[in-house]
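What follows is a short report on a single structure.
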């Protein structure tokens, strides 16, 4: 990793961690949820580099969340690290199984099939009264390797956990992008058949990416469940997936940090819209996003340049 | 299952299929020609429904003949669709042509969010009831079953629409132009077809069809906020099943989903919630591009 | 690569982020309340399909009630201006969005805007999510509409209150009314939305019917999707059923659509419909609501409210402002605010005889516990849920459209005392019904 980038990453991490002790409580809680969502967006970026957009990440997000809720409720597990790990793993298992089916599809049909699967989970959860149906379940208060904080300390602890997990995920994903499998994403997006002729298995590559993004979404869902304290089937609804895709486009799929920055920006804008225009916040959100797409391409612009003309795609 | 139940399933299936078809046809047209998955289609539906509500509200309370009410409702909604389609296409869409497919989808999503709140600004957050056309049509009894004439009219309307569409696409000059553009935009442009104009016209027709769907459904449902959201997903599912850009596909998809859903409600009501998604997943597993798909040349 | 391909891209990213946070911070600065005012956060659906039937009437009820309170115009014993002299300031927030949004906005209200209390929430999902956060933040919260009994059954609460009775009594009373008026019923069917509200309503109704009339059979059990809007197949199924009665907990939009579609196919001629939340729709459906429909209002609200000075006063101020009579969400909001006001003033009087100092949240919570009062919906007492959950009587009636007066009316009203249709303290609602509704005093 270039030295400049290393300094930037390091200072961002320190700043984020330090912010926990400076910012007011409501900002910390907002940032926690935003960063957890940023993990899902990171997963979407992994897939988008290969040309796939999934409208069904909510499936894994929801799985991660419910895994945490159920583990806490039925097995009494409260350790946050364990809960998040299990959340991520359960989502990874599901994405591994689902991947056998999904890896065969591309473009819009990939999007639609992934959407269909997440809506099937939604339907199943709504039908199941023992899981609370649409009322959902409350999540237990987490502990951290024996340390059991309350109130403000809990908030800060959760926030720091999320920051650490996001940093780890960012580093690992960045390393993945620099590996062969990660670097092959762009050739796969451009022309799969040539990649096949080169001797690589495209479907195996895509399957791997599906599992990675599924796991990231599951971890994000688990963290969000702990932060919000409640899970419900709406986590699997297509509008949730749509939001994640939106943030991805906003952030631009070119870089790892953009996932978290974009997510923070989106949550802030939404909160702002809610506070300013209680009945017209959708319009504000839609306008901001439209204007961003039209006039402030930023990540969008550099992404599109790379997509269509392959220019500016320097090695990371 | 008794004969009457089977008949009920058939009728219900056809009614639901008619609803889905009218809604999906505009979406599949826009996708076929412009390769844009138009999320704002839900907004066209919503505006059509609210427009019909306003028209019905003005008309039916004056004691004028019923038939005029139906016509007014449809025309008013389609006019709204026309205006809205034009504004959207000329105002927003044309700035983003040529960009990534997903970016286009998100532009339409942004437009959808904005339009949802425009509805609140124009019509307020309350819900509207436009039941007069539904009740005025009466009903007929078939054994124990009572079928509303409005529903039968819906089936007829969908059939007529399908027929017009098919004829227009196959036998008019413009229809053949459209087919050419659907097949291969570049070659069509090379042949001198003004693709930009075709885009605008297509988008506007799609908008009008969406609005028509809303207008026709308005008397049956409560016209309230959020009807657009439900409709989008249904339309997407039907189009995905049938194959994007294919009119026969939309018809087939609508029929399959309609009859499956009707059968589920009568026989196994518990799974009704996700039958449409299950059907979509199943179809896509067997035919990855939908039922009626055009052969795509492979790029090496 | 880590932060964007171009310096310009990166800069733009940070600019957007910074500007949006900048927009949020000033609102915080402006929102620190002064000593002489009480700040309330009012949360209900302002957008989306639940806005028109529940969220907006709730919001309007709050607005009109707060205005009347600040002007000191509410009938005694609520005639002190504001809350014990302090002017009430209200901030209205939309309940729409995912649970994460709802919880975030709740935290924003409490921590960023520093409201003294939050009154709101229509969706049971929101209530369940917000309750632990309210307890954690020690924020006084009054839930006004959501129906799930789980709030106070899962755990004892200190800062969360609900003046409105929960949804169990709606369906128990429906069963009792049905059997009182139509004792010859042999079979019933149900059509409820396939989500928690519909599932819970159906479960409570069938369980109550099972206890009160075990010989009556259940025929068709339909659970269409929430906001499906189109019920052709369901109506066909019901037309082929032999039931005399149909139970539904559908509300406004879906209820209207179902009624119209049912009327178009003469369903109402075959079956009597029990609409547990039907009251909210009668002013819109008017002559289209079939006469003979059994109608509930989630409690003694609207035309089912006991006739009193207070009720008439509330109906007048509401209809004068909003040109439509208040429906039950407006009543529920009004009762919730009255309860809060009473608790506040009680705490204030106990704390400081001169009536100047502001009571703390703990003091108000202590005063709120077990409170009892009379409002436009009659009397309510916070008797269960360890003094946090209200119970009141309820009423059901039969709908008629009065052609001479050209007005909807509800006749044949039967009132059920609170202890008849609510579980006793310490017993879970579900268990109580299944156990035969022991201790019911009817």
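The first chain written gets the first letter, and so on, giving A, B and C; residue counts start at 1 in each chain.
Here is the rule we go by: a residue touches a chain if its C-beta (ideal position, glycine included) is under 8 Å from a C-beta of that chain, and two chains touch if they have at least 3 such contacts.
Predicted model only: the values in this text are computed from it and were never measured.
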Chain whose Cα centroid lies at the greatest distance from that of chain B: C
A-C or A-B, whichever has more C-beta pairs in contact: A-C
Averaged-CA centre spacing for the pair chain C and chain A, given as whole angstrom: 35
Centroid distance [mean C-alpha coordinates] between chain B and chain A, Å: 32
Sequence positions of chain C contacting 2 or more other chains: 46-47, 194
Interface hub residues of chain B, defined as touching at least two other chains: 116-117, 120, 125, 270, 273
Sequence positions of chain A contacting 2 or more other chains: 126-127, 279, 281-282
Chain A-touching residues of chain C, taken from the complex the two chains share: 1-6, 8-9, 12-14, 16-17, 20-21, 23-24, 27-28, 46-47, 92-94, 98-101, 103-105, 107-108, 110-112, 124-125, 128-129, 132-133, 136-137, 148, 150, 154, 194-197, 199, 203, 226
Chain B to chain C touching residues, read off their complex: 4-5, 8-9, 11-13, 15-16, 19, 116-117, 120, 125-127, 129, 131, 134-135, 137, 139, 144-148, 150-151, 217, 219-222, 224-227, 230, 261-262, 265-266, 269-270, 272-273
Touching residues on chain C, where the partner in the complex is chain B: 46-49, 51-53, 56, 194, 220-225, 227-230, 232-234, 236-237, 239-240, 252-254, 256-257, 260-261, 263-267, 284-285, 288
In the complex, chain A residues that touch chain C: 1-2, 5, 8-9, 12, 24-27, 29-30, 33, 126-127, 129, 132-136, 138, 150-151, 154, 170, 174, 177, 224, 227-232, 234-235, 240, 251-252, 254-258, 261-262, 264-265, 267-272, 274-276, 278-279, 281-282, 292, 296, 298-299, 301-302, 306, 312, 314, 316
Contacting residues of chain A [partner chain B, same complex]: 53, 101, 104-105, 107-109, 112-113, 115-117, 119-120, 122-124, 126-127, 191, 193-194, 238-239, 242, 245-246, 249, 279-283, 285-287, 289-290, 293-294, 300, 303-304, 307
